[in-house]
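Next come two complexes built around chain A: one with chain B, the other with chain C.
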Partner chain A sequence: MKTKSFLQFVGPSVAMMLLLLAAPLLLTFYLSVRNCAMEMEMVKIEESTPFGKKETLTQRAKLDAAGKAIQSCSFVGLDYYRKVLGLDAEAAQPGGPPEAAGTIAKGDKADNEFLGALRFTMIYTFVTLPFVLGIGFLLALGVNGVSQNLKGAFISASLLPFIITPVVAALSIKWLFRDDGLVPYLLSQVGVQVFWMAQAWSARLLIILYGIWHVVPFAFIVLYAGLQSVPQDALEAATIDGASRWQKLRYVTLPHLMPLIVFITLIHLMDAYRVFEPVMVLTQGAFTTSVQYLTYHILLQESNPYKASAAAVLTLIGIVVLLIPLLVKTYREQKRGV
Partner chain B sequence: MTVKFNFPRRSLLACAAVAALLPGLAAAKCADIPGKGEINIVGSSMPSVQHLAKEMESCSKGTLKVTIKITPEARVETERAFGSDGKSAFDAAVISGGVYSNLASRGQLQSLTDLVAKYKVKYKIEDNMLVKSGNDVLAIAYQQNAQNLYYRKDLFDKHGIKVPTTYAEMLQAAAVIKAKEPSIEFPIAQTFSKGFDISTEFVNIYVGLGGKLFKPGTAQPAFNDEIGVRTIELMKSMVPFMTPNYLASNSDDVMNQFMQGKAAMGVLWASRAARMDDPAASKIVGKMEFAAAPAAMVGGKSATHLWWDGVAMPKNLANDRDLVFQVLMDALDEETTKAGNDSTIWIRSIYKPTRFGTGVILSMKAGAPIWPTEPYVGLATGELGKLVPEAMGGTMTPKQALDAAAVAYTRAATEKGFIK
Partner chain C sequence: MGKRPLSLSILLYGGLVFWLVIASLPVVWTAIISFRQYLDAFSSPVKWVAPFTMENYTRLWIEKEFYRNFLNTALVTVFTVTISLTVGCLAAYALSRYRGSLGFWLLMVALMFRAIPHSSLLPSFFTLFDALGIRNTYFTLIFVLVAINQPFTIWMLRSFFINIPNELDEAALVDGCTRFQAFRRVIIPVMWPGVITTGLFSFLLAYNDFLLSSALTSGDKMTMTAAIANSISAESETLLMQGVAGAVSITIPLIILVVIFQKQIVGGLTQGAVKG
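Take a look at the complex of A and B:
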């Protein structure tokens, strides 16, 4: 293809990526090494509310001639990165225990919030992946074997969890498992009482179950489509050679589906890493925090876009590290022309 | 077969005349507000805001268009719009007292003093609706809210339990119900979910025990003192009477536990009270009563805080301030209050208190203070909301959790410029 034609085809999407991806990323990195604070001063002011008047000693921002708060911005280097990772030693105040700086202690071991979130995000990503692939594949095989007039119904039903808005899906899971929800009720009928949101293992299990349930349809539909293109002559040859069902699956079907399996793995790794809705809806971050939820929390609760930018950049470094092996493998395969 | 429809010409004309008048009738609410353009307001999804939205949007007529964006992220959107360097995306916002404190401290609210003076008589703006910082009116409040005690009067009467006035009495009442009502395994339901809910519970009880969140005259934390430890210990003593899922129990869950008859008492927002009598969802219609939030100690004030919600306009307003103010005051007039009487606890004197509002009024009478107005309170509650659950769950001692919260808060307050 001529270079000019190539540029004409690729140009628009490259421009969009620069505008919508590269530029915001650069801006986020720029924000992560800065801090802006208003100049606050102590004032004694009479506050009047519907409940009465009160003279309070409080802080107000210094205002300029136009009535706007005076902001002073400065370059802080990697300070916020250190704070997010809990590496700042000087944060401990006199009178406070040194190990309390930026940490959530778990027994004797100090457990930094970001690293805890990263750990749970990794657990979620790598535990859901094999189940998503396995159950998706079994579903695809099953639906493939169903009679033609029922296929449509089965496919639609199987896709439902993927179509539901994540927040609505997470809410429905919460309502199933909370006090007096259907699941605790059914379990109590057989004498088992579990409080799902009360301890770490069950809260994490719920989120992992949600993740599997929500993404299986995606694996199913991709693998089902792949099953339609399995070479029939190879299957027939295997049958003639006396291969069992399992051997046909292992030596003909699976190798044919391997590129799709790699594709699903790649997409799922990227999606699962961004897990947010179940953490937000199911547990509000109790026992389970993900990196996306943490960035959101810092941005909204602490109203600190600079620290949130540092958390966002660290999150990005995490996903890049995660994807490097897979991208290298894919690149090598492309070069070999497989 | 054809059917001839004979419609007399006079009737047609009459219908047309009525049809032409209809928009005029609908806009009679803002009939005397001259103005054109677009007014954009933002507010949360509270029932009262939904009611106000209908009133505000009915002001749309001809060249004037009023839209109100209802979103659970109202606080974030308001702070972003009012704090932007350019003009604000919203001409006004419905805000809570906490958001007001943040915006006022940053000088982002515009003074409404002259507008109040101009329109006080026309819209009957009452004095206790005015929220002032010094001499400047910066917001107009319309509703009040507080977390008050909910209790099942039928069960209390059945077992001869007095309405608790302290947390100690509430624990005793819970023990009686747990022992004598087999269907109620967890008599207390309260919003202990990680984050905003549990931090508000902590602050309510801490202040109720006489604690001071910050060292006087500074933004330095003082909540990691001995009173803070006692606060967490009091909260922990409630745990045996609450569902083990308490760290995920938010207002919806607590409301659900009450409505399903699974809990018999607890401190919850008054704005949720009306749902107790919703026959579509509640199994306990008419059985829940409301009282002042219990005190944290004998002789103490009611361990809760008073909140208000109201409207405010930004300094970086792009629109005609007179017009925006009139639309807001038209929506907050006596007519609106009367029409939406049961949707919240209004501040206007014309409000007829329903039984759902008694808890707030009794809490006020029992000395409940207003929610702290220092602009750095939000930073402190953010850290407390993260770390108090660790103490509740036993992964940290109360002192460790509070010290960690104090350290994290100090860092955040220094970043924001509250601590030099």
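Take a look at the complex of A and C:
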């Protein structure tokens, strides 16, 4: 195919990605080092009451001719990064950088929001991963062993946690684990009492359980497909050589599935880094946050797009670091000419 | 395979049944309590049997006009899938036939974009769309979802296009077709299975999206997932029960989808894996 017609064919797709992915990302970098605030002015308000005139002094936003509030924007450098990373503490002390500190609204406590969110995101990612792979593998082995006519129904039912709308799934789990829900009741029958959404550890555990439940079907189906192509002659040869069931699994099946395990791991790293809905639904950020939740929260609750941009840029740096192995792997495969 | 010992068989079937219960419990239990009054739905001890009522559904769909949200979701997903596939097929076809290094770099960049946490885009989206006055519109949400879907769509479609032999379109070119005619008349007809599978995943991405839909729509433009956000921290009992009914309403189309398209979904999931 000639380069000219190649460019014509990919044109619409590339234009859309440039316009709605690349450009907004660049804009994020720009926004993250800026701050805009409404210009305020002091005004004297005279009120005529039946008891005489009353004067009050109050602040209001300056308006331009069209009646819109005038914004004054300025370059604030890495201020918001410092804020999100909780390095702002020294700014409040004498001797800290005083210049730009005044432009940012005071009152936020200087805790390390981002690292807290990143820590939980990483815990979530790396705790769920072995369970996803392990349970997915066991299910794949199991389904491989049952009779043909049961497989279809089983796979259909297993797909449910994976394709269901995440926010709906998280809500369903929340209702299931409410203090007056089904699971606490069943647990109380065996003498366990947990108020799932009232403590940090159990809320986090719930998010992790959701994560495992949600991704296991994906691992299961990919590994199940892989099992169909395990070389039968190698398995037979191993049987003749007197290999046990376990040895065949360990030395024939697992090595064959290794590329798929790597594939699932990489996809899971990407998707787990984006964990959002369960954090939003199950804790509403009360005990724990994730990096994606943090940006969303700063933007919608604190209504501060500049600080949110700083959090977004830090999030992006995180994913790039996490992605390097994936990019190297794909780069090599493409160079080999797949 | 040798003969399986009985103990292993029991473990196997036991394990599979246990997983099925876990996999379906949240959905099944939500469906059960959606037909109950609040006091029967949440109680301690749990009620296994309770009077049946459709009240939550009628409240939600008629009084709360959930059908509007349903229609919004239908509109947004139909356009998102159609545009995604049209634009994606063109690009993926070119990527599967072009030998230059430009194509390779485009795929790598698309892979990077696929990994972007969507909330990172929101501050810019808010700023841009507010400045242009197009924040709460179907148009904006559709194009945002299409763009978000593009990286995934072109990767997946490309893996299907690559399996179609070059000779097919080369022959058409020799017969005097232009590139575009060869694409439309020769390639697309044999591409339907791939297009359907990719379309399914494109649909799931658009239909299941919560973050962007809830941030970019409000009022009468809200999609179903955006509308159900109200019930996340619902205090009132009726509002909560409407959320339960809403959750079930959102899930039903997905269950129908799995039943009809199970083969394609499984095929799509393994497609990327087998190709690497």
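As a working rule, the second predicted complex is superposed on the first by the 262 of 338 C-alpha atoms of A that agree within 3 Å, B and C clash if a C-alpha of one lies under 4 Å from a C-alpha of the other, contacts with A are read in each partner's own complex, and residues count from 1 in each chain.
Here is the rule we use: a residue touches a chain if its C-beta (ideal position, glycine included) is under 8 Å from a C-beta of that chain, and two chains touch if they have at least 3 such contacts.
All of these numbers come straight from a predicted model, not from anything done at the bench.
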Chain B versus chain C as contact partner of A:283, first or second or both or neither: first
Touched partner set for A:190, first chain B, second chain C, both or neither: neither
First (chain B), second (chain C), both or neither touched by A:240: neither
Contacts of A:178 with chain B and chain C, given as first, second, both or neither: both
Which partner reaches more residues of chain A (counting touched residues only), chain B or chain C: C
Touching partner for A:321 - first (chain B), second (chain C), both, neither: neither
Touching partner for A:59 - first (chain B), second (chain C), both, neither: first
Footprint overlap on chain A, comparing chain B with chain C: 178-180, 284, 300, 306
Interfacial residue positions of chain C with respect to chain A in the complex: 1-2, 4, 12-13, 15-16, 19-20, 22-27, 29-30, 33, 42-46, 87-88, 90-91, 93-95, 97-100, 102-104, 106-128, 143-144, 146-148, 150-151, 154, 179, 183, 204, 207-208, 210-211, 215, 225, 228-229, 231-233, 243-244, 247, 250-251, 254-255, 257-259, 262, 265-266, 269-270, 272-276
Sites on chain B touched by chain A in the complex: 76, 79, 97, 104-108, 128-134, 141, 144, 193-195, 216-219, 224, 243-248, 250, 253, 256-257, 260, 262, 306, 308, 315, 347, 364, 370, 373-376, 378-379, 382, 385-387, 389-390, 395-396, 400, 403-404, 406-408, 410-412, 415-418
Chain B partner contacts - residues on chain A that touch it in the complex: 35, 37-40, 42, 45-52, 54, 56-61, 63, 67-69, 83, 91-93, 96-97, 100-107, 113, 178-180, 195-199, 203, 282-287, 300-304, 306-307
Sites on chain A touched by chain C in the complex: 1, 3, 5-6, 9-14, 16-17, 19-25, 27-28, 31, 135, 138-139, 142-143, 145-146, 152, 154-161, 163-169, 171-173, 175-176, 178-182, 184-186, 213, 216-218, 221-222, 225-226, 239, 245, 259-260, 263-264, 270, 273-274, 276-277, 280-281, 284, 291-293, 295-296, 299-300, 305-306, 308-309, 312-313, 315-316, 319-320, 323, 326-327, 330-331, 333-334, 338
